[in-house]
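The same subunit A turns up in both complexes below, where it pairs with subunit B and then with subunit C.
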Partner chain A sequence: MDLFVQTLVNGLLQSGLYALVASGLALAVGVVGIVNFAHGEYLMIGAFLAWAGSAFLGVDPLLSLPVIAVAVFAIGALTYRVSIRHVLLAPELNQMLLTFGLGILLQNLALMLLGGNTRTVTTPYQASSMQLGDLSVGGPKALAFGLAALLLGALYVVLYRTTLGRQMRAVAQNRRGAQLIGINVDRVYLIAFGVSCALAAVAGVLVSVLLFASPTVGLVFALKAFAIIVMAGLGNLTGVLWASVLLGVSEALVQTYVPGGGGWSDAVFFLMIFGTLVLRSYRGAR
Partner chain B sequence: MSARNVEGGTPVRTAPRREITPGAALPLLGFLLLAALFPFLPLGSRAEFLLQIAFFTLVAGIMALSWDILARSGQVSLAHAAFYGLGAYGYALLLKAGLPWLLAMPVAALLAGGVSLILGAVTMRLSGMYFAIATLAFTEVVRTIIQNLPESVAGGATGLLVPALLGGNSRAQYFLAWGLLAFTVLVSLAVRLTRLHFAFAAIRQGEETARVLGVSIVRFKLLAFFISSSLAALAGVLYAGKTFFINPLETFSLANSIAPLTTSIFGGLYTTLGPVLGAGVLRVAEELLHNSVKNGYLVVYGLVLMLSILWLPRGLMGLRRGRKHGGDL
Partner chain C sequence: MTYTLNRTSPTANDVGQELRIEGLAAGYGKVQVLWDVSLHAAPGEFVAVIGANGAGKTTTLRAVSGVVKPSAGRITLGGVDITRAEPSRVVALGLGHVPEGRELFPHMTVRENLDLGAAMSAAARARAAETLGEVYALFPRLQERAGQLAGTLSGGEQQMVAVGRALMARPSVLVVDEPSLGLSPLMTQTVFEALKAVNAQGVTVVLVEQNVNLSLKLAHRAYVLENGQVVKEGTGAALLADPAVREAYLAL
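Up next, the complex of A and B:
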């Protein structure tokens, strides 16, 4: 029973990270209408920036986090200006392949410049853990979960309580209508895409502390984020939270209870994406 | 999603339909002839190496062209690596079971084609990004299964040894690859010049409309999957027989799905010449860059993909001015 509760808690903590990545992607898909296949690469950039800050400048990843978020926001905004903006009205296929190409480019650029090795960030609190009764919770994991919850809360406040957020939701609902009532759609897109990338980068910083930084670290998270937003339904940000918890917990359960879980848990996860997509299509969600 | 999104943001222009003249096949024939003559060129001391590059260029051509055939029916797949790998593994396992190679090759292709029917049936109703992600996930599932099967069955994560094709005679191997590329070109032309062309194009440009017109969506989508995947599996057989060692990570690598997609788009989507031409140009560029850009040659693929989408959406084929939509092969 203890093992079961421990597994649930671990899954729940993991889901904070997933929700962070997925809500960024949901923003890009929902507001800008772009399925960003390069989303994981912004996470990778965040992870490497955190590693570089800690290895070369001796700055703790959690301190450099705001700077990294702003930097990647700028990178995302730049990406929007030079590429995404030009395919907004193009066929969906072109948009998809453009971001796909961007992802390949960024990932392999990192591979070329930094090599395929994983880089770890060492922090004094890395091995710390907290005891709650019989449960033990890793310090960085709890920290990551708290930070994710905080940021997601902030995102909700921005989306539902500010003018910018209202504009974003208006654009998401109807691009032309928003334009007609005088919203600068281009600016909203730029900000939404930048924030989307920044959220991925923040998740990347956390990943660098929890796991490691490597050129291919982003892909897995991007795929999981896709699974989550598909489960949640496009543009449904509240659904993203539930879907993240579902994914995190079910993954933890597989890892704990399926023999040889390491190897097979990937297959289970991909089968889950596959199943979700197919089921949704047959329920006529589109 | 509206039907317009699939094919173009703007309504399809009604260009005057041009008849396909026999002359349209000339560049294609020229290309194949050139490829056939390649081994007879005075290649000097690096002949073996150059022949190997040429061999894999032909394999890339088969992959790109077969991917394009599937794309013509509106299905932009990221599962091409899966069928490439299934071809390679199917061939290796059939040889291990004692089949002669001449039989193992088509059987492996048909088996991969059979598996593709399952994938095609399941993903029938998905489109756009959903289809792409589902096919990507499928590839990973296949890879994980092969990797986790007992080592005595499929070699596990370590991989499998495969006997060399045609006793390792590289010139003979080259002609086999050439023959299979020619076969792929013939299949592609058959798709282009028969009613299949109209059925695929109708499905791609708007499924609802196609259905109203009486096109059997299920049948044609599955047919596209079967043709495309069987051909990809043949490419996989060539790969396995040439490298005589296959492992799950490399064989099912995402790169094997990306390369045909990029090649087709760079060369010119929905044509026969485009993907073949694209394979020639990109593979040669890749080899030239291999010395200066070490392990990240995929950077080039990413860049080419982005630049083609932004500035060359109809690929190399779009560069030939004066030819409107209908007349290209």
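Up next, the complex of A and C:
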């Protein structure tokens, strides 16, 4: 029983990170209408910036986090301005090719500049853990979960309680209607895409502490984020939270109870995409 | 002197402005829809634009809003050139657009839809509570439905939300695109009466409609649009009596 509870807790903690990456992706897909295949690369940028801050300036990743978030927001906004903006009315295939190419570009740029080695960040709290009764919780993991929960809460407040958030939801629900009541749709897209990238970068900072930074570190997180937003239904933010928890906990269960589960757990999200699509088509067929 | 001050912030203005379109040409990609459209609505006037499907009525209104960029011609709102201006600027200058198909935010409540209508200008925000009262007075049904998601309303109620949302910005010119589409005769009557009431408060109204009979009865003046050109204009009553109009649009 203790093992089961411990497994659930581990899964839940992991889901915070997933939700952070996936909610950013959901914002790009839902508001801007762009399926951003380069989403994981913004996570990678965040991870490398955190590593660089720690290695060269001796700044703890958690302290550099706000600066990194703002910097990657700017990078995302710039990306929107020079590329995404010009394909908004293009066929979907062109949009996908653009973001896919962007991802390859950023990945190889990182490879060229920094090499393929994984870079680790050392922090004093890395090996710490908390003891809650029989449960043991890794310090960084708990920290990452707390931060993710805080940020997602903030995102929720912005989307549902502020004028900017209402504008974002309006644009997501009806672009033309939003335009005709005077919402500057282009500006909303720029901000939404910037925030989307910043959320990925924040996740990247946490990943640098929990795992490492490398040119391809974003890939698996982006894939899982895709699985999550497919499960949640495109652009559904509360759905993203539930789907993240489902993925995190499922992975943890596989890790604990399936022999050789460490390797299998990374395949869980494939199963979830598969299951969702089959269920949807089954429902649709009825 | 206060009048002059008022003109500098037209969105908070209850006084209608003039809308003038001269020699407008526009289209989508290579398909030209409008060839030479000239029309105007004087401050406080109720103008109808009638014509068959594909005559260019909706495109004309989209060009006014800045959603479609004209290839030639000139559009002014209260004397300010808005040809090729961004939609957000056109709204800020005092244009309210009730689009064809309503274009509401389906997953938001009626109240949220209305609030968003006032969100884009400081002047409209400052008077939002007052304007909301006016919209509810115009459409009591919207007050009853305030907490309901817009996507779950009937077609007529959705049309009320679309009109109300545009009014929340306190426009000086209201352009309305096919409000009767898909509505019962009774509901059409309700919406048209509301437009008449809005116009009576001084707001310039430009109504694009296929319901020729009703709109000609309501309008001070009207234009007939055919194949992207204005082919006739006159008072509503004169056009209603015109044999050619009667034959083409009223099948009489």
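Following the convention adopted for this analysis, the second predicted complex is superposed on the first by the 279 of 286 C-alpha atoms of A that agree within 3 Å, B and C clash if a C-alpha of one lies under 4 Å from a C-alpha of the other, contacts with A are read in each partner's own complex, and residues count from 1 in each chain.
Here is the rule we go by: a contact is a pair of C-beta atoms (placed from the backbone, for glycine too) under 8 Å apart; a residue touches a chain by one contact, two chains touch by 3 or more.
Quick caveat: nothing in here was measured; it's all calculated off a predicted structure.
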| item | value |
| --- | --- |
| First (subunit B), second (subunit C), both or neither touched by A:L271 | first |
| Subunit B versus subunit C as contact partner of A:T238, first or second or both or neither | neither |
| Intersection of subunit A interface sets (partners subunit B, subunit C) | none |
| For the subunit A and subunit B complex, residues of the former touching the latter | 35, 83, 86-87, 89-94, 96-98, 100-109, 111-112, 116, 219, 223, 226, 230, 260, 263-264, 266-267, 270-271, 273-274, 277-278, 280-282, 286 |
| Interfacial residue positions of subunit B with respect to subunit A in the complex | 1, 5-9, 76, 122-123, 125-130, 132-134, 136-138, 140-141, 144-145, 147-148, 254, 258, 261-262, 265, 293-299, 301-306, 309-310, 313 |
| Interfacial residue positions of subunit A with respect to subunit C in the complex | 163, 166-167, 169-170, 173-174, 176-184 |
| In the complex with subunit A, residue positions of subunit C that touch it | 65, 67, 86-88, 90-92, 97, 99, 102-108, 112, 115-117, 119-121, 165-166, 169 |
